[in-house]
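To keep things clear, I will list the structure first and then write my remarks on it.
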Amino acid sequence: MAGMVTAIVMVQAERQRVQETAEALAGVPSVREVYSVTGEWDIVAILKLARYEDLDDVVTGHLRKVEGIARTQTMLAFRTYNEALLDQGFGVGLDEGQQR
Amino acid sequence: MAGMVTAIVMVQAERQRVQETAEALAGVPSVREVYSVTGEWDIVAILKLARYEDLDDVVTGHLRKVEGIARTQTMLAFRTYNEALLDQGFGVGLDEGQQR
Amino acid sequence: MAGMVTAIVMVQAERQRVQETAEALAGVPSVREVYSVTGEWDIVAILKLARYEDLDDVVTGHLRKVEGIARTQTMLAFRTYNEALLDQGFGVGLDEGQQR
Amino acid sequence: MAGMVTAIVMVQAERQRVQETAEALAGVPSVREVYSVTGEWDIVAILKLARYEDLDDVVTGHLRKVEGIARTQTMLAFRTYNEALLDQGFGVGLDEGQQR
Amino acid sequence: MAGMVTAIVMVQAERQRVQETAEALAGVPSVREVYSVTGEWDIVAILKLARYEDLDDVVTGHLRKVEGIARTQTMLAFRTYNEALLDQGFGVGLDEGQQR
Amino acid sequence: MAGMVTAIVMVQAERQRVQETAEALAGVPSVREVYSVTGEWDIVAILKLARYEDLDDVVTGHLRKVEGIARTQTMLAFRTYNEALLDQGFGVGLDEGQQR
Amino acid sequence: MAGMVTAIVMVQAERQRVQETAEALAGVPSVREVYSVTGEWDIVAILKLARYEDLDDVVTGHLRKVEGIARTQTMLAFRTYNEALLDQGFGVGLDEGQQR
Amino acid sequence: MAGMVTAIVMVQAERQRVQETAEALAGVPSVREVYSVTGEWDIVAILKLARYEDLDDVVTGHLRKVEGIARTQTMLAFRTYNEALLDQGFGVGLDEGQQR
Amino acid sequence: MAGMVTAIVMVQAERQRVQETAEALAGVPSVREVYSVTGEWDIVAILKLARYEDLDDVVTGHLRKVEGIARTQTMLAFRTYNEALLDQGFGVGLDEGQQR
Amino acid sequence: MAGMVTAIVMVQAERQRVQETAEALAGVPSVREVYSVTGEWDIVAILKLARYEDLDDVVTGHLRKVEGIARTQTMLAFRTYNEALLDQGFGVGLDEGQQR
């Protein structure tokens, strides 16, 4: 998924609605992977956005409308470290599509 | 990456060594994606393991040897919600490769 | 319990329902030990899973349906340190059944 | 392990010494299970004590002398919920050996 | 109070019910001292148990039934340091009644 | 210990010096009970002061000079709930010696 | 305000009732100063007590009855550092009125 | 102290230097009261500033140069609730000197 | 915006009302910028006040009346570092309008 | 500053180097405003980026090289609420330059 912007959204869901919430998240545009996870958070969703600007649509237009979500915390990637490119000496600010 | 087990490792690195640490992480087997991220953590690494059992090798054999790491927190995925499969009515405990 | 995968689930229960919740947990498949404990958490449940993949069934299929649970945090074991084996020089990634 | 008192000790270890620390813990008397775990803690040790009073020996006499430990938090079980006994209507304060 | 096992229970009570809760705690068997305190917690209760095993009765049988309690955290003493005995060279695991 | 003012001091000690620190605490004037405890703190000391004003002497003159202490948190009791007195209808702001 | 005992009470109030709560606090005996403040807490009240023993009356008799309070945390001063006295070499445990 | 702006500075000091730090704070201009306090913080200093703008001088020019300070957290008052004025119906944004 | 006092207000809003809350904040006097942000907080509002004293009006008169806000934390700027001025050797306590 | 992407960086600095650190931050490209602030953080820097992609340069290329920084937390704005535009009915994902 070269040239995409990645966001990692950690979700705490209402106890009885974790599965339903995760399934709803899996249907949101730009959401590529959704997992039930061990630890303090219930669900992690991995977003692949064409442009940073799309995060707003996904969050405001979709994520906030998914029922069963109690709390979220979004981590936005601003630098990607890709082994292949690193081997070739490319310092990549973003994905290789936007290599410096 | 059907049939893989996903782990999300959040990393706080020593301030002056974030980039060097992220680049080292990108070279660790099973580590597919490494990002500098906004928020409380400096780096997020996404692992794709053939089997859960491989997490030990990656963590003990590699991650713990990466210099510059101050703190890590690993979230292991134990259920994947894949929209395509969900549409086809598959309740997937793991990836479709281990569909119930 | 060689060859089993261990998970430790820490539980905060609704105040008046700790005992009822703990008893319900004790009836969940793969849950081997359940304790009321001192400290920040009310209950600790120790799971023994045949395979990591079973964690999903236990959590999604059972734990989330136990009433009275306010919050849980699951720690999944990915390496076992067994004194007997260590004495014999076995580095065990998992239980001795999956010794490297 | 009827009649034993269980304690769960969560351990944060110095980054480079997790394995060495876990192996040392596995050698401590009364320590039955030691795991590397996902999440905020590095290691969990499960102790089985003949009597509560033994906790002091284990902690003061041994755990505190294990090098590489940065922080520990001990949860002491004061009630065991054992499915078998529960089925037979035993309300067990401790293990069945001390059943009410 | 030689030979007793001490537990310190920190309590957050519903705002309007602190006094009523503290008074109820003062009536619970094994509870020797109850205080309103400064700081993050509202009340501290000091228990003196004949045996560790009694903690379960007190917590499960009584404390959990006291209305007005929002949150508790129990610290169980496993070693007593008594100046008099220390002067006489006694290393006391527990109270002097169980001196080593 | 009627008429005394109680303070509960929670202590985190340097790992290798918990016992030595606790023993030093046991020798401090007004410190009546010192315990190794389960949970987040290593040691709890219970002080009985003739007057609130004595807390300063104990803390400034003694506690701060005990080596091995990493962190402390003091909870000062400002109301005592004593079952005996409560039965006799005494609302006690402090100990019975200062009953309203 | 020589010879007084100071307590600092930090208050989180229900969002819509901060002003009303602060005004009620300003009317409580011994409460000398009440402020809306920046940061994690909404209100800080500074109490000047004739004697430590009065804290109980203020907290139990008044503060707990002020509506709109969600959470409080009280810090009790046990040593006063007064520049004027310090210049004159007085080590003051309390206010100069109780100088050693 | 009508017309003054109040700031409350909470301080954690290096263990062995609490008293020395508090005494140094007492000598800082605009610092009117300095206390050793119970709870999570070691010292609280109460500042009275002629103008908000003076906070910078005090913090940057003085507080940051006081040795022995490990951590501080400043709460700045932006509204004063003064019982006397409230009785006379004055809604006071600041002190009565700047009454609306 | 020389000569203005800056405050940064971090806001957690009720999940379904983030956008509505942010829009309401954007309409509050002195609020210059309002953003949905990544991380632990939902919204950040940047205020530019003519005088510190205006913070009270904005917070008490407006912010507290915006529906949908669950929690806020205000950081008030008391020193501005402006590159242009710094180049010209001005140590600025506040904005250049109040240069020392 | 229409069309710019805003990031808010909260900084904890080494105690004796807050001013020096803030001044260095003020010299970093894209950093428009730097303040000493009240509360848990020492400094807040407000960045205005031409494109999201520039955040990497600023963080990796500059911020991480500023000495004296102990900890940072970056909040990236992904939606701007601008009162003027809101009045004209523009729902703005980003700044008006990227209005939907």
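To keep things simple, chains are lettered A, B, C, D, E, F, G, H, I and J as they appear, and every chain counts its residues starting from 1.
The rule is simple: a contact is a pair of C-beta atoms (placed from the backbone, for glycine too) under 8 Å apart; a residue touches a chain by one contact, two chains touch by 3 or more.
As the structure is a computational prediction, the values presented were derived from the model and not from experiment.
Common neighbours of subunit A and subunit F (chains touching each): C, D.
Under the contact definition, subunit C and subunit E share the contacting chains D, F. Per the C-alpha superposition, subunit A sits rotated 145 degrees relative to subunit G, a value rounded to a multiple of 5. Chain pair C-E has a twin interface among A-I, G-H or A-J; that twin, with over half of the contact pairs alike by residue number, is A-I. Between subunit D and subunit J, the centres computed from C-alpha atoms are 47 Å apart. Mean C-alpha positions place subunit E and subunit F at a centre distance of 13 Å.
In subunit B, the positions touching at least two other chains are 36, 38-40, 55-56, 59-60, 73-76, 78-79. Contact between chains, per the stated criterion, is found for A-B, A-C, A-D, A-I, A-J, B-C, B-D, B-I, B-J, C-D, C-E, C-F, D-E, D-F, E-F, E-G, E-H, F-G, F-H, G-H, G-I, G-J, H-I, H-J, I-J.
Interface residues of subunit F, counted against subunit E in their complex, comprise 6, 8, 22-23, 25-27, 31, 33-39, 41, 44, 46, 73-83, 86.
Per the touch definition, subunit C reaches subunit B in the complex via residues 5, 51-53, 55-57, 59-60, 76, 78-79, 93-94, 98. By the touch rule above, subunit G contacts subunit I in their complex via residues 15-16, 18-19, 36, 38-40.
The touching residues of subunit F, when paired with subunit H in their complex, are 7, 55-56, 59-60, 64-65, 69-70, 73-76.
Residues of subunit G touching subunit J in their complex: 38-40.
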